[in-house]
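Look for subunit A in each of the two complexes below; its partner is subunit B in the first and subunit C in the second.
Presenting the complex of A and B:
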């Protein structure tokens, strides 16, 4: 055992005055074997074979090739569903973001004194957060039927659960001084939160809101597949008909929209922080 | 009038911060509390506005037993007591005027405070408070662009805008340089005199306390060991409060 240990230990460093320093063993000694074992286990679990990648890799491009040239004339048909998708994401994100403020207040360590209330709110939020977006859509489809409204509500609830968690972590770590000062002047805790804590956090709040919005646009594009309205319906339909040049046009519009919104959001977030 | 009768404060962890304090302070006095860190100065101050609840004895402010106050009554009571802190406790990312206006939200309906709809009268009160501490021209600057002394003045203006009868100041100049400290203390004196507001300040620097206060209270291990006019504070008394002679390091050169 000692011999094995010695093999992995780095060589001692000898100083000019004769003192010897033994550097600590690198954690890579056990991290690398663990990673290797995990890698081989997961390739067999997921059925990955290098041979497939080499032999059939070109198949990946088969459909992409069929997409050229894109049917640019199809733009007139893509335009309206794309706007629906955008509106669905905007309204859904804003609604979820609005409700996340009171929920984050009730979940935060430093705002709520009652441990029971905090526990109940946090537990409900955790359970809600575990529901995948697609399942949310299917649940709301039963209530509101197919269409953009279902997509909006699903994105709203999804954003609400994520933003609540992100935001209460911000509240937990903010400067409590202004809150204490305003509370000592006789204001209620809610008022002290709103005037003492929120002004510190608006920038970060808008930033996580934009982050969620970016995510929601990409999500919204898929939601049409399960009947939630927007560009996803069109994409599903054209793929079904193998109308690849039209699919290409849909994807182009989608990519361009996502790119523009992400750039804008990145620009705004940079200015905020 | 503030009256302590055998006030005791024991923290949940068992530390006894106040061990039977008797004290009365008249309206309009300027009192400085001195003592070592951990002697109970902060607890004494914060028990007056019930930011810390006392656990024994009786504490009355204008004949109201403060330890019985709860919820709405407690908040209404606190409106008469302003507080200034060592670290200023301003919202640094917002404007000076908004920081001062924060003192007005206690009196506003909730929906108005949520929408930030301050009445014109409130804005005038806030601006006049800023004028009183001499930084009216900074009203629309962001708080984090101000120096430490200016920030403490904003905090003082916020307290004045609350129109309190009493101001509690917890180490108000401990994070300021000597010159700025003197200026801020002069503002306290001015507000004490012109508005007849009682000022009770915890002080770290003995010489500044002696210079500005009319009355000194010495606290040691949760008990009051000296209470009298600042002129009567001798070296022996300071030795008793601090447990040793004061060196130049303990003074600020006031």
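Presenting the complex of A and C:
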């Protein structure tokens, strides 16, 4: 008990000159009870039952077991949708990334002088960012019909909102020296931004672009679920037919692509930074 | 006497990087061609604009009965349920990730074991969350419990990957100092390892909670509880007033979570 008490309320320390210092109370004093209350409230709300998990946990592997052996012959059918997914993600990410530069410029602390403009742009971007990807997909499905084009636009808009935030945080913290020097030589603010700030940030910009690309490949699998083209449609279809060996093949191809892209992007990032 | 260089001459000395630029342009053209070949444009439907207009309008004219409603269908309950699913999923995912991360860190276990661990984590990470959802529905049936388990498993990949980076950055000097002071194993963990890791681990967990909140809306699609399913049903059935109420709830909730998470993580990182 004594140890616990010491952990929560440390003993005062008496310095050599007689001064008494009371160390701060550990934040655990309120963090642990809050977490415990939230934990028990959440378990009752979500119907969490450890018993069910232990008794029926093996059912989790039902699908996994049925996946073996994967249907390798199915690869010829997986190949094209996977390429469509890749192209859709690449084009979507690149488009979103391109538009995010001006949007990030308009919402950065040190580029925009008018606080009102910055506030408006930032608010719009924050609200856009909270819209789930699925809602975007359903919205664009209504505009462009089912297919890879919808997926591309949805991923583009989604990337645009996220990258804008990541990029303006970078602009906020970059070195203003070159920008001021160029501006003092008579260049406009936009031109000074392009020649003074962007060269500092290209590396990090590509890095967040790759991060978003990786994320989009994984999201693309979800997109197909609602009919937005690529490998997701195939996955949804095969899952619906309970053709698990074929599902296994789709997942293998997806895994391999994700792994290759992650390795490639790790390599590029290492070279850049 | 040094030679004078004008600004213009200096500008001309700038490295041209012609090869890199050509490569970039070729790459962009290539992507463009691939895009034209593989992505077919089905034409634009005017109706889409109506949908967009209605969704935007619905945010300002929500179904207030639903927005402020109590009971199982009210927005407040759905948001609380979503938060509970995300919270519990994150906690379980974090607890499971800690041993996995320690067993895959190069400075704790031998190299081959770390390689196996990292491969295992990669496999977990590449499965789409929807597939986990379908697997867990067989265990627990549709509902919030499935959402919790799905998010927990889907979180393991990212959390343990980030944990490994933190563990591999552990400062061995502190452990050596504790050794020199004659500490035993438990004391070394208590005073040398836990304080170094706690802040980063908490920060990672909070960040993942933020992601899980957004994921929780996707899981509605496979029947895993939360606000996702009602929202999608409302949009696909063109019930705009309901859509508005659910979107308002979701937007405010996500903004609060983002703000709180940024604040806490900043405090953990810098102590301010």
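Observations on the structure shown:
FYI, the second predicted complex is superposed on the first by the 249 of 273 C-alpha atoms of A that agree within 3 Å, B and C clash if a C-alpha of one lies under 4 Å from a C-alpha of the other, contacts with A are read in each partner's own complex, and residues count from 1 in each chain.
Basically, a contact is a pair of C-beta atoms (placed from the backbone, for glycine too) under 8 Å apart; a residue touches a chain by one contact, two chains touch by 3 or more.
As the structure is a prediction and not an experimental result, all values here were calculated from the model.
Overlay on subunit A: subunit B and subunit C clash in the combined arrangement.
When both complexes are overlaid on chain A, the residue A:171 reaches neither subunit B nor subunit C.
Applying the stated contact rule after C-alpha superposition, one finds that A:180 touches subunit B and leaves subunit C untouched. In the overlay built on the shared chain, the residue A:200 is in contact with subunit B alone; subunit C does not reach it.
By the touch criterion stated above, A:62 is placed in contact with subunit C alone, subunit B being left untouched.
More residues of subunit A lie in contact with C than with the other chain of the pair subunit B and subunit C.
Legend: residue contacts after superposition of the two complexes on their common chain; A:191 is shown touching subunit B, with no touch to subunit C.
By the document's definition of touching, neither partner reaches A:248: not subunit B, not subunit C.
Comparing the two complexes, no residue of subunit A contacts subunit B in one case and subunit C in the other. By the touch rule above, subunit B contacts subunit A in their complex via residues 49, 51, 75-83, 85, 87-94, 98-99, 102-103, 105-106, 108, 110, 113-114, 155, 158-159, 162.
For subunit A in complex with subunit C, the touching residues are 35, 38-39, 41-43, 45-49, 52-53, 56-57, 59-64, 83-84, 87-88, 90-91, 94, 126-127, 129-135, 138-140, 142-149, 152, 218, 221-222, 225-226, 229, 235, 239, 247, 251, 254-255, 258-259, 262.
The touching residues of subunit A, counted against subunit B in their complex, run 175, 177-178, 180-188, 190-192, 194-196, 199-200, 202-203. Listing the residues of subunit C that touch subunit A in their complex gives 28, 31, 34-35, 38-45, 47-49, 51-52, 55, 80-81, 83-85, 87-88, 91, 122-123, 125-131, 134-136, 138-140, 143-145, 147-149, 214, 217-218, 221, 225, 228, 231-232, 235-236, 247, 250-251, 254-255, 258.
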